[in-house]
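In order of appearance the chains are A, B, C and D, and numbering begins at 1 in each one.
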Amino acid sequence: MGDIGNRRWAIAEGYIPGDSSFEDPALISHEAACILNPGDQDANVAITLFFTDREPVGPYRVIVRARRTRHLRFNDIDDPEPVPRDTPYSSVIESDVPIVVQHSRLDSRKAEVSLLSTVAYSQG
Amino acid sequence: MGDIGNRRWAIAEGYIPGDSSFEDPALISHEAACILNPGDQDANVAITLFFTDREPVGPYRVIVRARRTRHLRFNDIDDPEPVPRDTPYSSVIESDVPIVVQHSRLDSRKAEVSLLSTVAYSQG
Amino acid sequence: MGDIGNRRWAIAEGYIPGDSSFEDPALISHEAACILNPGDQDANVAITLFFTDREPVGPYRVIVRARRTRHLRFNDIDDPEPVPRDTPYSSVIESDVPIVVQHSRLDSRKAEVSLLSTVAYSQG
Amino acid sequence: MGDIGNRRWAIAEGYIPGDSSFEDPALISHEAACILNPGDQDANVAITLFFTDREPVGPYRVIVRARRTRHLRFNDIDDPEPVPRDTPYSSVIESDVPIVVQHSRLDSRKAEVSLLSTVAYSQG
(Lines give C-alpha, C1' and ligand atoms only; values in the text may rest on other atoms or scores of the structure.)
Protein backbone atom coordinates (compact mmCIF):
# COMPACT_ATOMS: atom_id res chain seq x y z
CA MET A 1 0.00 0.00 0.00
CA GLY A 2 2.99 2.25 0.54
CA ASP A 3 3.93 2.97 -3.02
CA ILE A 4 1.21 5.20 -4.35
CA GLY A 5 1.93 8.90 -4.55
CA ASN A 6 4.54 11.43 -5.51
CA ARG A 7 7.00 13.60 -3.63
CA ARG A 8 6.36 16.93 -5.38
CA TRP A 9 3.00 18.59 -5.76
CA ALA A 10 1.77 22.03 -6.79
CA ILE A 11 -1.53 23.86 -6.41
CA ALA A 12 -1.60 26.87 -8.72
CA GLU A 13 -4.94 28.19 -7.47
CA GLY A 14 -5.13 29.60 -3.97
CA TYR A 15 -7.46 32.15 -2.40
CA ILE A 16 -8.99 32.27 1.06
CA PRO A 17 -12.08 34.49 1.10
CA GLY A 18 -11.89 36.91 4.02
CA ASP A 19 -15.59 36.75 4.77
CA SER A 20 -17.88 33.98 5.93
CA SER A 21 -21.61 33.79 6.53
CA PHE A 22 -21.31 31.32 9.38
CA GLU A 23 -19.40 30.87 12.62
CA ASP A 24 -19.40 27.07 12.57
CA PRO A 25 -15.73 26.21 11.86
CA ALA A 26 -16.84 23.65 9.27
CA LEU A 27 -18.57 26.42 7.30
CA ILE A 28 -16.04 29.20 7.57
CA SER A 29 -14.51 30.07 4.20
CA HIS A 30 -11.34 28.03 3.95
CA GLU A 31 -8.87 26.27 1.70
CA ALA A 32 -7.31 22.93 2.38
CA ALA A 33 -4.53 20.73 1.08
CA CYS A 34 -5.73 17.24 1.82
CA ILE A 35 -2.56 15.17 2.22
CA LEU A 36 -2.69 11.38 2.28
CA ASN A 37 0.34 9.41 3.43
CA PRO A 38 -0.56 5.80 2.60
CA GLY A 39 2.90 4.45 3.43
CA ASP A 40 4.61 3.12 6.51
CA GLN A 41 6.94 6.04 7.17
CA ASP A 42 5.97 9.45 8.49
CA ALA A 43 6.04 12.15 5.81
CA ASN A 44 8.02 15.29 6.47
CA VAL A 45 6.26 17.84 4.32
CA ALA A 46 7.48 21.31 3.37
CA ILE A 47 5.03 23.80 1.88
CA THR A 48 6.14 26.94 0.05
CA LEU A 49 3.66 29.69 -0.78
CA PHE A 50 3.98 31.87 -3.87
CA PHE A 51 2.45 35.30 -4.31
CA THR A 52 1.86 37.84 -7.04
CA ASP A 53 4.26 40.52 -6.00
CA ARG A 54 6.68 39.28 -3.38
CA GLU A 55 9.15 36.47 -2.75
CA PRO A 56 7.90 33.01 -1.73
CA VAL A 57 7.23 32.31 1.93
CA GLY A 58 8.17 29.10 3.67
CA PRO A 59 8.83 26.38 4.28
CA TYR A 60 5.83 25.61 6.38
CA ARG A 61 6.75 22.29 7.97
CA VAL A 62 4.09 19.67 8.52
CA ILE A 63 4.25 16.02 9.49
CA VAL A 64 1.72 13.56 8.11
CA ARG A 65 2.02 10.35 10.07
CA ALA A 66 2.34 6.96 8.38
CA ARG A 67 -1.03 5.58 7.21
CA ARG A 68 -2.80 8.81 8.05
CA THR A 69 -4.50 11.67 6.19
CA ARG A 70 -4.27 15.29 7.15
CA HIS A 71 -6.68 17.86 5.74
CA LEU A 72 -4.51 20.88 6.30
CA ARG A 73 -6.29 24.20 6.29
CA PHE A 74 -4.25 27.02 4.84
CA ASN A 75 -6.25 29.21 7.21
CA ASP A 76 -4.48 27.65 10.17
CA ILE A 77 -0.82 27.59 9.25
CA ASP A 78 1.11 30.55 10.66
CA ASP A 79 4.78 29.65 10.86
CA PRO A 80 6.64 31.48 9.35
CA GLU A 81 3.53 33.69 8.86
CA PRO A 82 -0.26 33.44 8.37
CA VAL A 83 -1.70 33.15 4.89
CA PRO A 84 -3.27 36.47 3.93
CA ARG A 85 -6.99 36.52 3.15
CA ASP A 86 -8.47 37.80 -0.12
CA THR A 87 -5.06 37.36 -1.76
CA PRO A 88 -4.12 35.11 -4.68
CA TYR A 89 -1.41 32.57 -3.91
CA SER A 90 -0.08 29.20 -5.06
CA SER A 91 1.66 26.43 -3.18
CA VAL A 92 4.32 23.80 -3.76
CA ILE A 93 4.23 20.80 -1.45
CA GLU A 94 7.29 18.58 -1.09
CA SER A 95 7.58 15.39 0.93
CA ASP A 96 10.37 12.94 1.70
CA VAL A 97 8.04 9.99 1.02
CA PRO A 98 5.24 9.53 -1.53
CA ILE A 99 2.01 11.35 -0.69
CA VAL A 100 -1.20 12.26 -2.53
CA VAL A 101 -2.52 15.82 -2.46
CA GLN A 102 -5.95 17.22 -3.29
CA HIS A 103 -6.93 20.87 -3.14
CA SER A 104 -10.31 22.11 -1.99
CA ARG A 105 -12.02 25.35 -1.07
CA LEU A 106 -15.22 26.15 0.74
CA ASP A 107 -16.47 29.66 0.04
CA SER A 108 -19.23 30.93 2.32
CA ARG A 109 -19.08 34.62 1.59
CA LYS A 110 -22.74 34.40 0.66
CA ALA A 111 -25.42 32.54 2.62
CA GLU A 112 -24.79 29.30 0.76
CA VAL A 113 -21.55 27.38 0.53
CA SER A 114 -19.70 26.86 -2.72
CA LEU A 115 -17.11 24.16 -3.22
CA LEU A 116 -14.27 23.42 -5.57
CA SER A 117 -11.74 20.62 -5.56
CA THR A 118 -9.07 19.13 -7.77
CA VAL A 119 -6.29 16.65 -7.46
CA ALA A 120 -3.12 18.71 -7.29
CA TYR A 121 -0.45 18.63 -9.99
CA SER A 122 2.27 16.13 -9.26
CA GLN A 123 5.65 15.20 -10.52
CA GLY A 124 7.99 12.26 -9.99
CA MET B 1 -12.12 -0.72 -25.22
CA GLY B 2 -10.72 -2.69 -22.30
CA ASP B 3 -7.37 -1.09 -21.95
CA ILE B 4 -8.07 2.32 -20.52
CA GLY B 5 -7.58 2.82 -16.82
CA ASN B 6 -5.28 2.05 -13.95
CA ARG B 7 -5.28 -0.40 -11.05
CA ARG B 8 -4.39 1.97 -8.22
CA TRP B 9 -6.21 5.15 -7.36
CA ALA B 10 -6.28 7.56 -4.44
CA ILE B 11 -8.67 10.26 -3.30
CA ALA B 12 -6.99 12.45 -0.70
CA GLU B 13 -10.09 14.56 0.04
CA GLY B 14 -12.98 12.92 1.82
CA TYR B 15 -15.73 14.37 4.01
CA ILE B 16 -19.40 13.45 4.26
CA PRO B 17 -21.42 16.30 5.77
CA GLY B 18 -23.67 14.96 8.50
CA ASP B 19 -26.54 17.28 7.69
CA SER B 20 -28.79 17.62 4.68
CA SER B 21 -31.57 20.03 3.79
CA PHE B 22 -33.55 17.46 1.84
CA GLU B 23 -34.88 13.95 2.22
CA ASP B 24 -34.74 13.04 -1.46
CA PRO B 25 -31.89 10.49 -1.61
CA ALA B 26 -30.47 12.25 -4.66
CA LEU B 27 -30.08 15.44 -2.61
CA ILE B 28 -28.79 14.07 0.66
CA SER B 29 -25.24 15.16 1.38
CA HIS B 30 -23.00 12.43 0.03
CA GLU B 31 -19.66 11.48 -1.44
CA ALA B 32 -19.12 9.06 -4.27
CA ALA B 33 -16.32 7.21 -5.97
CA CYS B 34 -17.54 6.80 -9.52
CA ILE B 35 -15.84 3.67 -10.80
CA LEU B 36 -15.84 2.77 -14.49
CA ASN B 37 -14.81 -0.69 -15.60
CA PRO B 38 -14.64 -0.41 -19.40
CA GLY B 39 -13.09 -3.86 -19.85
CA ASP B 40 -14.40 -7.34 -20.38
CA GLN B 41 -13.56 -8.79 -16.96
CA ASP B 42 -15.28 -8.01 -13.70
CA ALA B 43 -13.22 -5.78 -11.43
CA ASN B 44 -12.59 -6.89 -7.89
CA VAL B 45 -12.09 -3.61 -6.07
CA ALA B 46 -10.68 -3.12 -2.58
CA ILE B 47 -11.10 0.26 -0.88
CA THR B 48 -9.07 1.31 2.15
CA LEU B 49 -10.03 4.37 4.18
CA PHE B 50 -7.48 6.54 5.95
CA PHE B 51 -8.19 8.81 8.89
CA THR B 52 -6.48 11.54 10.88
CA ASP B 53 -5.89 9.77 14.12
CA ARG B 54 -6.40 6.04 13.77
CA GLU B 55 -5.28 3.10 11.66
CA PRO B 56 -6.74 2.57 8.17
CA VAL B 57 -10.02 0.68 7.82
CA GLY B 58 -10.66 -1.90 5.14
CA PRO B 59 -10.68 -3.44 2.74
CA TYR B 60 -14.19 -2.63 1.64
CA ARG B 61 -14.77 -5.10 -1.18
CA VAL B 62 -16.77 -4.06 -4.21
CA ILE B 63 -17.32 -5.68 -7.58
CA VAL B 64 -17.75 -3.56 -10.66
CA ARG B 65 -19.01 -5.76 -13.46
CA ALA B 66 -17.39 -5.81 -16.88
CA ARG B 67 -18.52 -2.90 -19.10
CA ARG B 68 -20.37 -1.27 -16.21
CA THR B 69 -20.06 1.84 -14.07
CA ARG B 70 -20.75 2.01 -10.39
CA HIS B 71 -21.23 5.30 -8.60
CA LEU B 72 -20.39 4.05 -5.15
CA ARG B 73 -21.59 6.23 -2.31
CA PHE B 74 -19.26 6.25 0.67
CA ASN B 75 -22.44 6.88 2.70
CA ASP B 76 -23.61 3.37 1.93
CA ILE B 77 -20.62 1.13 2.54
CA ASP B 78 -20.60 -0.44 5.98
CA ASP B 79 -18.45 -3.56 5.93
CA PRO B 80 -16.17 -3.59 7.89
CA GLU B 81 -17.78 -0.41 9.31
CA PRO B 82 -19.74 2.68 8.20
CA VAL B 83 -17.91 5.83 7.15
CA PRO B 84 -18.23 8.41 9.92
CA ARG B 85 -19.89 11.72 9.06
CA ASP B 86 -18.31 15.12 9.57
CA THR B 87 -14.90 13.45 9.64
CA PRO B 88 -11.96 13.96 7.27
CA TYR B 89 -10.81 10.82 5.49
CA SER B 90 -8.99 9.66 2.36
CA SER B 91 -9.31 6.54 0.27
CA VAL B 92 -7.12 4.23 -1.78
CA ILE B 93 -8.91 2.15 -4.39
CA GLU B 94 -7.24 -0.93 -5.84
CA SER B 95 -8.54 -3.17 -8.61
CA ASP B 96 -7.35 -6.32 -10.29
CA VAL B 97 -8.18 -4.90 -13.73
CA PRO B 98 -7.91 -1.35 -15.11
CA ILE B 99 -10.62 1.02 -13.91
CA VAL B 100 -11.20 4.77 -13.97
CA VAL B 101 -12.16 6.62 -10.78
CA GLN B 102 -13.68 10.05 -10.26
CA HIS B 103 -14.51 11.61 -6.91
CA SER B 104 -17.54 13.79 -6.26
CA ARG B 105 -19.41 15.31 -3.36
CA LEU B 106 -22.86 16.83 -3.03
CA ASP B 107 -23.17 19.07 0.02
CA SER B 108 -26.71 20.09 0.97
CA ARG B 109 -26.14 21.33 4.48
CA LYS B 110 -27.67 24.62 3.36
CA ALA B 111 -30.82 25.00 1.27
CA GLU B 112 -28.88 24.81 -2.00
CA VAL B 113 -26.65 22.02 -3.20
CA SER B 114 -22.93 22.48 -3.74
CA LEU B 115 -20.87 20.16 -5.89
CA LEU B 116 -17.25 19.26 -6.29
CA SER B 117 -15.59 16.66 -8.48
CA THR B 118 -12.17 15.62 -9.65
CA VAL B 119 -10.62 12.72 -11.44
CA ALA B 120 -8.83 10.73 -8.74
CA TYR B 121 -5.06 10.33 -8.60
CA SER B 122 -3.88 7.20 -10.38
CA GLN B 123 -0.76 5.19 -10.72
CA GLY B 124 0.42 2.34 -12.95
CA MET C 1 0.21 23.58 -31.81
CA GLY C 2 -1.20 20.32 -33.01
CA ASP C 3 0.56 17.92 -30.74
CA ILE C 4 -1.08 18.43 -27.39
CA GLY C 5 -3.70 15.94 -26.33
CA ASN C 6 -4.50 12.26 -26.21
CA ARG C 7 -6.68 9.90 -28.21
CA ARG C 8 -8.44 8.08 -25.36
CA TRP C 9 -10.32 9.75 -22.54
CA ALA C 10 -12.71 8.62 -19.85
CA ILE C 11 -15.17 10.40 -17.57
CA ALA C 12 -16.22 8.10 -14.74
CA GLU C 13 -18.78 10.51 -13.27
CA GLY C 14 -21.93 11.21 -15.21
CA TYR C 15 -25.38 12.31 -14.11
CA ILE C 16 -27.83 14.69 -15.75
CA PRO C 17 -30.34 16.01 -13.21
CA GLY C 18 -33.85 15.72 -14.60
CA ASP C 19 -35.06 18.96 -13.07
CA SER C 20 -34.12 22.57 -13.63
CA SER C 21 -35.22 25.80 -11.99
CA PHE C 22 -34.85 27.84 -15.16
CA GLU C 23 -35.86 27.73 -18.79
CA ASP C 24 -32.88 29.65 -20.12
CA PRO C 25 -30.91 26.96 -22.01
CA ALA C 26 -27.70 28.18 -20.40
CA LEU C 27 -29.14 27.44 -16.97
CA ILE C 28 -30.86 24.13 -17.61
CA SER C 29 -29.24 21.28 -15.71
CA HIS C 30 -26.73 19.74 -18.06
CA GLU C 31 -23.47 17.87 -18.45
CA ALA C 32 -20.86 18.57 -21.06
CA ALA C 33 -17.74 17.04 -22.49
CA CYS C 34 -15.70 20.01 -23.61
CA ILE C 35 -13.55 18.73 -26.46
CA LEU C 36 -10.65 20.75 -27.81
CA ASN C 37 -9.04 19.80 -31.10
CA PRO C 38 -5.97 22.03 -31.28
CA GLY C 39 -4.56 20.28 -34.35
CA ASP C 40 -4.84 20.74 -38.07
CA GLN C 41 -6.95 17.68 -38.85
CA ASP C 42 -10.60 17.19 -38.04
CA ALA C 43 -11.18 14.80 -35.13
CA ASN C 44 -13.52 11.89 -35.61
CA VAL C 45 -14.74 11.24 -32.10
CA ALA C 46 -16.62 8.16 -30.86
CA ILE C 47 -18.30 8.29 -27.46
CA THR C 48 -19.43 5.17 -25.61
CA LEU C 49 -21.71 5.41 -22.58
CA PHE C 50 -21.56 2.96 -19.70
CA PHE C 51 -24.37 2.26 -17.26
CA THR C 52 -24.95 0.46 -13.99
CA ASP C 53 -27.06 -2.40 -15.17
CA ARG C 54 -27.01 -2.73 -18.93
CA GLU C 55 -24.58 -3.01 -21.82
CA PRO C 56 -22.75 0.07 -23.11
CA VAL C 57 -24.45 2.28 -25.68
CA GLY C 58 -22.68 3.76 -28.66
CA PRO C 59 -20.77 4.85 -30.46
CA TYR C 60 -22.11 8.37 -30.57
CA ARG C 61 -20.19 9.92 -33.47
CA VAL C 62 -19.09 13.53 -33.28
CA ILE C 63 -16.74 15.59 -35.40
CA VAL C 64 -14.65 18.32 -33.84
CA ARG C 65 -13.18 20.42 -36.60
CA ALA C 66 -9.48 21.24 -36.77
CA ARG C 67 -8.53 24.15 -34.48
CA ARG C 68 -11.97 24.23 -32.90
CA THR C 69 -13.55 23.46 -29.56
CA ARG C 70 -16.88 21.78 -29.05
CA HIS C 71 -18.66 21.88 -25.73
CA LEU C 72 -20.82 18.85 -26.30
CA ARG C 73 -23.85 18.56 -24.07
CA PHE C 74 -24.74 15.00 -23.15
CA ASN C 75 -28.31 16.33 -22.94
CA ASP C 76 -28.34 16.81 -26.70
CA ILE C 77 -26.90 13.61 -28.15
CA ASP C 78 -29.54 11.12 -29.23
CA ASP C 79 -28.07 8.77 -31.80
CA PRO C 80 -28.19 5.84 -31.08
CA GLU C 81 -30.40 6.99 -28.15
CA PRO C 82 -30.84 9.90 -25.72
CA VAL C 83 -28.96 9.94 -22.43
CA PRO C 84 -31.40 9.13 -19.62
CA ARG C 85 -31.87 11.73 -16.88
CA ASP C 86 -31.37 11.07 -13.18
CA THR C 87 -29.26 8.04 -14.09
CA PRO C 88 -25.60 7.38 -13.28
CA TYR C 89 -23.40 6.81 -16.32
CA SER C 90 -19.78 7.05 -17.47
CA SER C 91 -18.25 7.78 -20.84
CA VAL C 92 -15.23 6.81 -22.89
CA ILE C 93 -14.23 9.23 -25.62
CA GLU C 94 -11.97 8.09 -28.46
CA SER C 95 -10.54 10.19 -31.24
CA ASP C 96 -8.40 9.54 -34.29
CA VAL C 97 -6.26 12.60 -33.53
CA PRO C 98 -5.11 14.11 -30.21
CA ILE C 99 -7.80 16.02 -28.33
CA VAL C 100 -8.23 17.42 -24.82
CA VAL C 101 -11.38 16.67 -22.82
CA GLN C 102 -12.82 18.35 -19.74
CA HIS C 103 -16.02 17.33 -17.97
CA SER C 104 -18.46 19.77 -16.41
CA ARG C 105 -21.93 19.80 -14.94
CA LEU C 106 -24.37 22.57 -14.15
CA ASP C 107 -27.01 21.51 -11.67
CA SER C 108 -29.98 23.86 -11.29
CA ARG C 109 -32.42 21.60 -9.49
CA LYS C 110 -32.58 24.25 -6.80
CA ALA C 111 -32.90 27.99 -7.35
CA GLU C 112 -29.15 28.48 -7.55
CA VAL C 113 -26.75 26.82 -9.93
CA SER C 114 -24.02 24.45 -8.79
CA LEU C 115 -21.00 23.61 -10.89
CA LEU C 116 -18.40 20.92 -11.05
CA SER C 117 -15.59 20.34 -13.52
CA THR C 118 -12.51 18.22 -13.96
CA VAL C 119 -10.08 17.41 -16.67
CA ALA C 120 -11.02 13.93 -17.87
CA TYR C 121 -8.77 10.90 -17.44
CA SER C 122 -6.57 10.30 -20.45
CA GLN C 123 -4.31 7.67 -21.79
CA GLY C 124 -1.78 7.38 -24.64
CA MET D 1 12.29 24.24 -6.51
CA GLY D 2 12.50 25.26 -10.14
CA ASP D 3 11.85 21.98 -11.83
CA ILE D 4 8.19 21.30 -11.22
CA GLY D 5 5.81 22.01 -14.06
CA ASN D 6 5.32 21.64 -17.78
CA ARG D 7 5.60 23.91 -20.78
CA ARG D 8 2.31 23.04 -22.53
CA TRP D 9 -1.10 23.18 -20.94
CA ALA D 10 -4.67 23.09 -22.19
CA ILE D 11 -8.03 24.01 -20.68
CA ALA D 12 -10.83 22.51 -22.76
CA GLU D 13 -13.64 24.14 -20.77
CA GLY D 14 -14.08 27.90 -21.03
CA TYR D 15 -17.12 30.10 -20.53
CA ILE D 16 -17.43 33.53 -18.95
CA PRO D 17 -21.01 34.21 -17.87
CA GLY D 18 -22.09 37.62 -19.08
CA ASP D 19 -24.14 38.40 -16.00
CA SER D 20 -23.20 38.92 -12.38
CA SER D 21 -25.26 39.55 -9.26
CA PHE D 22 -22.60 41.68 -7.62
CA GLU D 23 -20.39 44.66 -8.41
CA ASP D 24 -17.55 43.69 -6.11
CA PRO D 25 -14.77 42.69 -8.55
CA ALA D 26 -14.06 39.58 -6.48
CA LEU D 27 -17.63 38.41 -7.05
CA ILE D 28 -18.11 39.27 -10.71
CA SER D 29 -18.54 36.19 -12.88
CA HIS D 30 -15.07 35.34 -14.14
CA GLU D 31 -12.70 32.65 -15.32
CA ALA D 32 -9.05 32.45 -14.42
CA ALA D 33 -5.95 30.56 -15.45
CA CYS D 34 -3.89 30.45 -12.28
CA ILE D 35 -0.29 30.23 -13.45
CA LEU D 36 2.52 29.36 -11.04
CA ASN D 37 6.12 29.90 -12.07
CA PRO D 38 8.11 28.24 -9.29
CA GLY D 39 11.44 28.60 -11.08
CA ASP D 40 14.17 31.20 -11.20
CA GLN D 41 13.55 32.49 -14.71
CA ASP D 42 10.66 34.65 -15.85
CA ALA D 43 8.10 32.73 -17.89
CA ASN D 44 7.09 34.07 -21.27
CA VAL D 45 3.61 32.69 -21.71
CA ALA D 46 1.56 32.59 -24.90
CA ILE D 47 -2.16 31.84 -24.70
CA THR D 48 -4.22 30.80 -27.71
CA LEU D 49 -8.01 30.75 -27.55
CA PHE D 50 -10.11 28.29 -29.53
CA PHE D 51 -13.75 28.75 -30.47
CA THR D 52 -16.62 26.76 -31.91
CA ASP D 53 -16.93 28.36 -35.28
CA ARG D 54 -13.95 30.51 -36.07
CA GLU D 55 -10.15 30.38 -36.22
CA PRO D 56 -8.09 30.52 -33.01
CA VAL D 57 -7.20 33.92 -31.58
CA GLY D 58 -3.82 34.77 -30.15
CA PRO D 59 -1.24 34.69 -28.94
CA TYR D 60 -2.08 36.62 -25.83
CA ARG D 61 1.33 37.30 -24.31
CA VAL D 62 1.77 37.27 -20.56
CA ILE D 63 4.84 37.28 -18.35
CA VAL D 64 4.84 35.43 -15.06
CA ARG D 65 7.86 36.52 -13.08
CA ALA D 66 10.26 34.03 -11.51
CA ARG D 67 8.97 32.64 -8.18
CA ARG D 68 5.61 34.32 -8.64
CA THR D 69 2.03 33.29 -9.28
CA ARG D 70 -0.39 35.08 -11.55
CA HIS D 71 -4.12 34.43 -11.39
CA LEU D 72 -4.93 35.66 -14.85
CA ARG D 73 -8.56 36.53 -15.47
CA PHE D 74 -9.72 35.76 -18.99
CA ASN D 75 -12.13 38.65 -18.43
CA ASP D 76 -9.22 41.08 -18.46
CA ILE D 77 -7.10 40.07 -21.44
CA ASP D 78 -7.83 42.10 -24.57
CA ASP D 79 -4.84 41.97 -26.88
CA PRO D 80 -5.38 40.92 -29.63
CA GLU D 81 -9.08 41.08 -28.60
CA PRO D 82 -11.34 40.66 -25.54
CA VAL D 83 -12.76 37.26 -24.69
CA PRO D 84 -16.45 37.19 -25.60
CA ARG D 85 -18.95 36.54 -22.82
CA ASP D 86 -21.53 33.74 -22.87
CA THR D 87 -19.42 31.94 -25.47
CA PRO D 88 -17.76 28.52 -25.25
CA TYR D 89 -14.01 28.57 -25.72
CA SER D 90 -10.87 26.59 -24.89
CA SER D 91 -7.31 27.67 -24.30
CA VAL D 92 -3.79 26.38 -24.87
CA ILE D 93 -1.10 27.88 -22.68
CA GLU D 94 2.55 27.61 -23.69
CA SER D 95 5.57 28.74 -21.72
CA ASP D 96 9.31 28.80 -22.31
CA VAL D 97 9.95 27.49 -18.78
CA PRO D 98 8.03 24.99 -16.63
CA ILE D 99 4.83 26.35 -15.10
CA VAL D 100 1.76 24.89 -13.38
CA VAL D 101 -1.74 25.87 -14.50
CA GLN D 102 -5.09 25.51 -12.76
CA HIS D 103 -8.43 26.59 -14.19
CA SER D 104 -11.23 28.10 -12.14
CA ARG D 105 -14.53 29.85 -12.64
CA LEU D 106 -16.75 31.89 -10.38
CA ASP D 107 -20.31 32.11 -11.64
CA SER D 108 -22.51 34.70 -9.94
CA ARG D 109 -25.36 34.90 -12.41
CA LYS D 110 -27.67 34.04 -9.53
CA ALA D 111 -27.53 35.54 -6.03
CA GLU D 112 -25.06 32.94 -4.80
CA VAL D 113 -21.65 32.17 -6.21
CA SER D 114 -20.79 28.84 -7.78
CA LEU D 115 -17.24 27.62 -8.22
CA LEU D 116 -15.42 25.09 -10.32
CA SER D 117 -11.74 24.31 -10.61
CA THR D 118 -9.41 21.72 -12.07
CA VAL D 119 -5.76 21.35 -12.70
CA ALA D 120 -5.31 21.91 -16.42
CA TYR D 121 -4.17 19.21 -18.83
CA SER D 122 -0.43 19.23 -19.34
CA GLN D 123 2.09 17.67 -21.59
CA GLY D 124 5.89 17.40 -21.56
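Simple rule for what comes next: contacts are C-beta pairs under 8 Å (C-beta built on N, C-alpha and C of every residue); 3 or more make two chains touch, one makes a residue touch a chain.
Just so it is clear, the structure is predicted and the values come from calculations on it, not from any experiment.
For chain B versus chain C, which are copies of one sequence, does the interface use mostly the same residue numbers on each side, meaning over half shared, or is it different?
different
Write the angle of the rotation needed to overlay chain A on chain B, where the fit uses Cα atoms and the result is rounded to the nearest 5°.
90
How big is the gap, in whole Å, between where the Cα atoms of chain B centre and where those of chain C centre?
Between these chains, centre-to-centre, one finds 21 Å.
Between chain A and chain C, tell me the centre distance in angstrom, where each centre is the average of that chain's C-alpha atoms.
One centre to the other, that is 30 Å.
Please set out, as single numbers or ranges, the residues of chain B touching at least two other chains.
111-112, 114-119
What residues of chain B sit close enough to touch chain C in their complex?
Those residues of chain B that touch chain C are 1, 4-5, 26-27, 32, 34-36, 38, 67-71, 100-102, 104, 111-119, 122.
Could you pull out which chain C residues touch chain B in their complex?
Against chain B, the touching part of chain C is residues 8, 10-15, 17, 48, 50-53, 55-56, 86, 88-90, 92, 103, 105, 107, 109-112, 114-121, 123.
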